[in-house]
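The chains carry the letters A, B, C and D, assigned in the order they are written, with residues numbered from 1 in each.
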Amino acid sequence: ATGCSSSSDSGASGDKPLIVVITPNPVGVNEFLKLSVEGSKAAAKAQDADVKVYESTDPTSISQNLQAAIDLKPKLIVTISFSFDDLMKTAPVDNPDQQFLQVDSCPENPAKNLTCARFKEYEAVYLAGVEAGLLTKKNAIGAVAALDSPFIHRWTDPFGEGAKSVNPKTTFSPLFVGGNNPFSDPARANAQADTLAQKGVDYVMAAASAGNTGVFQAAKAGGFFAFGVDVNQCGEAPGVVVDNATKRVDVAIENAVKAVFDGKPGGVTEYGLKENGVGLTGLEDDAASSGCVITQHPDVLAKVKEVRDQIVSGKLVVKDPAAA
Amino acid sequence: MATLAPDRPTVAARLRRAGGRAVTGAALPALLASLVVGAIVLLTAGTNPITGYEALVRGVLLDTNLPYLAAAFAPILGMAVSFAIPLRMGEFNLGGDGQLVLGGITAAAVAMAIPSWGLAGFGVAAVAGAAAAALWAALAVPLARYGRVPVIISTLLLGFPAVSFASYLARYPLTDKGTGIPQTPRLPDAMHLPALPVSAYVNLGLVVAVLVLAAYWVVDARTGTGLQLRTLGANLRFGQYVGIDVGRRATGALAASGAVAGLTGALIVAGPPYRFIDGALVTPGYTFTGVTVALIASGRPAGLLAGSVLFTALQVGGTGMERDVGIPRQLTAIIQASVVITFVLIVAVRAYRSRTRAGAR
Amino acid sequence: MNVFTLGFVAAVLIALAPVLLAALGGALCARAGVFNIGLEGQMLLGCFTAVAVSAKTGSALLGVLAAVGAGVLTALVLAIGAIRLRADPIVLAIGTNLLAVGLTGFLLRSVLGTSGTYSSPDLAGLTRLGDTWVGSIPVLGDVFRSSSWIVVLSLLAVPALGFFLARHPAGLRLRGIGENPDAARSLGVRVSRYQQTAILVAGALCGLAGAQLALGNVQLFSEQMTAGRGWVAVVAVMLGRGRPWLVLAACVVFGAAEAFGFRLQGLGLPQQATDAAPYVITLIALLLTSAVSRRNPVPAGGTR
Amino acid sequence: MTEVRVHLAGITKRFGRVVANDDVDLELRAGEVHAVVGENGAGKSTLMSVLYGSARPDAGRIVARGTDVRFDSPRDAIAAGIGMVHQHFQLFESLSVTDNVIYGAEPTRRGLLDRRRARERVGALVEEYGSPLSPTAAVGTLPMGLRQQVEIFKALYRGADVLILDEPTAVLTPAETALLFTSVRRLAAQGTAIVLVTHKLDEVMQVSDRVTVLRQGAVVASMETASTTPAALAQAMTGRDIETATNDEPAVVGSAVLEVTDLRIPAEGTRAAVHCERLEVRAGEIVGIAGVAGNGQSELVQAAVGLRPASGTVRIAGADVSRADVQGRRAAGLAYVPEDRGAVGSARSLSIRDNLVVGHYRTGWLKPAVLRRFAAELMTRHDVRGAGPDASMASLSGGNAQKVVLARELAHRAPLLVAENPTQGVDVGAIEYIHRELLAYRAAGHGVLLVSNELSELIALADRVHVMVDGRFVAAFERDELSEQHLGAAMTNAAGAAAVTAALAPPTEPAGPADPAHAADPAHAADPAGAERSAVVAAAEEEGRADGDARA
């Protein structure tokens, strides 16, 4: 075992085109980044290309990694998250012959050689909220999220709104992990979930990154239910996780890479419910095998499907909390 | 004033133990020893150590990486000096993160208030940042004097609310609306630190950091203040007895320490990406690295310089190594840790030998 | 809202236990005159070992024992380096803390074959006392419902350590060593042996703390999951000046402030305020106690 | 011939190039008091460290009770019946007297401290020797004389029959010294061999049976005390004749350089409150303060120099400095030689140069060359021997360290010099030198406030002496009235002094060699050391063995 999983096929030069993926943080505990890397690898495979993954740790290493990538002159540089907004304003302009892809965010008026893929995860979270609103017996739901930042409010606020839309009596209490290691403090996330349970909350949205497992374990011990994010987390704690607000970053990357390799780069693609870029595990075709609790509530799912259709058709518009 | 540093005798004595020559003499063998440890680590990870080290060196020296070395060097050096100043008088300022962040957010706030003043305006902002951090750090002195809270504890405890406060400011009142990120708006172009010809990352900040070190060097070696600080560090009661105003010196040292940390924060904000981003000053661990460097160097100016270069090189080179040959970050941490451990052990063994050679038990 | 419910007490207890165990280890070292800031790294290695061994063997107890062993092994670096070779314990501890971060991350990949977070149904957690006969005791059963036996042990460790220091010959020697090692040496007491033992015991307690954190508070390992708890323990040791009961008090103030903070966050206070709360409250508590102790000054004759 | 308890044969000990002990022979017999004298740095403490197992000799043998032994640590020496009272007390100030005494050889019951038995045993020892010590008192609250008794009890508790006293009287008052010697003679009468390391030749004459003189690490003379004189001893130690300096020039007094009025320091712990109604030192005179240690002298001095808060007024050279800190008082004209040269008067880890210049160079640029010249000049002028200005302060021997402190303070040429026990622990040659410096300072028209435990020093130097008891001045003597009897009477006869000075006095009979009944009675707790010895030593040995096993 080499223990080198963050970067694969390194050093393979050959004649294959190269894709460099730069993450804003260590991939480590982050499901979203893991999925991004997997998606990039899948996309590369589809295009018969090589992949290198550069993990950044801080703003300086982000720029350093970007510069190193540019020096390598790969076919495509994939940057992930809003941390690259400032850099994606200038780098594509300075390197007009290099193709860039930014996932999950985009600067205003992106350059021609920058392709963007953005997500409306709040739409999926809203649907999760609808499920919680229909399911809650105590009319009290909550959320445990990593940090109190506008971007992360995309996983909390719509949850409450979705619930209230179907059950106006519902109260919503979000808690934020914070502390010294907000994205990887499962014990603290666990304690916060417990706090919510003591307040009488019976459905909790878990958006605490590595802390999610802590929330699920608190739910299991405390007899309440939780929602996962990004990927299907139902298997982590069978019988506890109701559903997941998923974000198909792999799909987005595969589409974008294909577009670039097909010579059709540029533009901003929004991935919402409509584009199947975000969604709920319970609404997927193979939901039955997902292990999620929601599959035992077909009535709720039916109602949620209605709401999804409203959103897809544009009849219902979910507010983006980060835009506020 | 006796409560100013109840831990002093042990701490100061401990630092003194790592005698002067032993430190410089140990640097090279320690580096070699840790490279050996690193090689073993690399081998267990299935990487050829030579490939690994080649990547490490390339990560440092490759011309495109040098600017980043310089970029990370300035804050590490700044934080090392910040910690070293009170260390000279035997006090530990463990609130570096808070002071760094206060300096950064204050500079950003002031700069936002005077957007049209240009670089001079940023000068004002940086001074404001340094002043805010200095005040916060110096608060430890009255807390020690009247509240009997040792400096090492009060600075540590005061650091966290400062970080939270800055985070709050970046999240709410000073936030750059619409970005979804807790960050302040980008500084106007005229306030960006002028880059040296090499790269946007090698800017005036590097010059300022080196000047701060030079100032520390001069004060430490050539002024009465430096002598007084060293005297207090060696023996507080002796210092009081010869008529050194301990309260004043402690206030001065902590304020200077805070000011250097605050200035460092301001300089980071005025470099790319030219704004205060919540967490961006803290997560790289400049403070922690600075503390490590200053402790290894026992606060000696030359040691601060050498230690900062070494640790920056290891960090930047480590990123390069990870990128180029796919050696995971954790291995970089292991190699850095072995540098620290082998270094102190070799210093200790050497000091031990010279003690036994001189006959002391 | 009445926050001081039994549930609140229970929550504080669980959050407190890992910090308290590490802090008691640190206190033992402090009494022996060793400033030990290596708690964080020892705890982290304890977390990892507990999870790895429990996952491989399916036995929580083996996990706990292995964690204790890992804590001791890590502490050995400090014991030998700082006491035998007389290297600077602060720098050495910084080194081992860094080593723990790297090593656990590295082993997570090579031993458990994942990165970030490891959790698995194979992982045997510590038994919750609520599921045992303890659960049926009236009030106590509620308080210890989701605690493990390690939580109880951590509480019992406080009087035990206090008793040891006050009543056991080795405790007396340890206290003397911390106060004046030369005097102890002049009476033929092997100072470095006591100091090394204190460091190793602290390592064992940190390993236990790690096991509680990773198998009790939650059942998983996540990179850097100690999240500064070892440092909080160091602060508690300093606040409590190495006295077990005072250290417990410091831990309780801190833990209660944190749990209280969560509840305030629920009432709409920003997360930043609740992040800062434990530190601010601790500082205020320190200032208040010093004001009180000044009003009743201890006879201070003969201080140096 | 009496039994030889310990024989040090051909001991050589080197520290780097320094030969601290050079082929030293020392024989300690049961029942004798054996004085070891020599200049600062002659190797006395080193020899005692060898005897007590805390230093390993490079060559030579230790023979205890006729068999060769090897001391790897004090543990071995303790097991061989050797006890040591260190020059710098080795006590745990926060612990009680009992805990200090039993430390390392604790009585246990079922593995735990047997506090009751410990209290009983220590209580018995204390009672047996008629000491006023309270076994439960924290050692940190005790005056020096009582702390020393704790040190002696530590040795007796362990059953020591060889007792090393390294400069035991340096911190004691005459009364305490007298009582110590009574106890010493009594212990000797019971068969203990006692080694007395001292700089005070009159004490050698007064209490010892034999005396060994060390010079530069080697034995230069060893004889019956009765067959020698102080002058001969001094000659043997230093290789020259020592003249004592006395204040025989008439005072030419000027204006007041120190005026203390109505100064009050509140009581603290066991210390009495201090109230000084009036104290004046004029230019051109030496004013002495005598008193039993712990009667407020050091508090008064600390308040006068600004190191301790107090009410009342203090004027230095005419300026009111009552509210000023040390720096302000020094600026007004104060120089100060503190009692504790190690903890207060110097910084051991700094260089000799830094120790000399600090306080002289406060502001502006420091040029290393200037500093070194300043330091080198002072070192030459005051004959500081040892290393150069860049060596660390810690490398100097006690006498030379004192010279550095004195040199720095005298160099201020301040109108007022406050000196506390300036000759404590320094050898006869250095004492003579320091006395001359103080007299020269006076002759130059400065004022000196001299606080001393050494009555002879005050009598030799002072123009006027105030006697302090319980924080108050109880008497004052002009130069022509100064005598040991007058001062001693004023110091001890005043109420309140007795409790502090009652020291290790035999409870009933006066001490003396002839006390056979007492010594021989096996049922009586007369020989608590002996009675307890087996148990305690067995415990200690047990421990040693356990440790040894653990190591193996």
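Going forward, a residue touches a chain if its C-beta (ideal position, glycine included) is under 8 Å from a C-beta of that chain, and two chains touch if they have at least 3 such contacts.
Worth saying up front: this structure is predicted, and the values here are computed from it rather than measured.
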In the contact graph of chains, the distance from subunit A to subunit D in steps is 2
Expressed in whole Å, how far the mean CA point of subunit A lies from that of subunit C is 35
Separation of the C-alpha centres, subunit C versus subunit D, in whole Å, is 44
Residues of subunit D that touch at least two other chains are 54, 343
Residue numbers in subunit C touching two or more further chains are 105-106, 109-110, 270, 272, 275, 303
Subunit B touches at least 2 other chains through residues 45, 171, 328-329
Each pair of chains that touches is included here, namely A-B, A-C, B-C, B-D, C-D
Counting only contacts in the complex, subunit C reaches subunit D at residues 167-169, 171-173, 175-176, 179-180, 182-190, 193, 299-304
Given the complex, residues on subunit C that touch subunit B span 33, 35, 77, 81, 85-92, 94-96, 98-99, 101-106, 109-110, 235, 238-239, 270, 272-273, 275-276, 279-280, 282-283, 286-287, 290-291, 293-294, 303
The residues of subunit B that touch subunit D in their complex are 12-13, 16, 222-224, 226-228, 230-231, 234-235, 237-245, 357-361
The residues of subunit A that touch subunit C in their complex are 1, 3, 5-6, 27-30, 34, 147-148, 173, 175-176, 178-181, 184-188, 190-192, 194-196, 198-199, 210-211, 213-214, 217, 221, 236
Subunit B partner, complex, touching residues on subunit A are 1-8, 10-11, 26, 52, 54-55, 57-61, 63-65, 67-68, 71, 82-83, 85-87, 105, 147-151, 154, 322-324
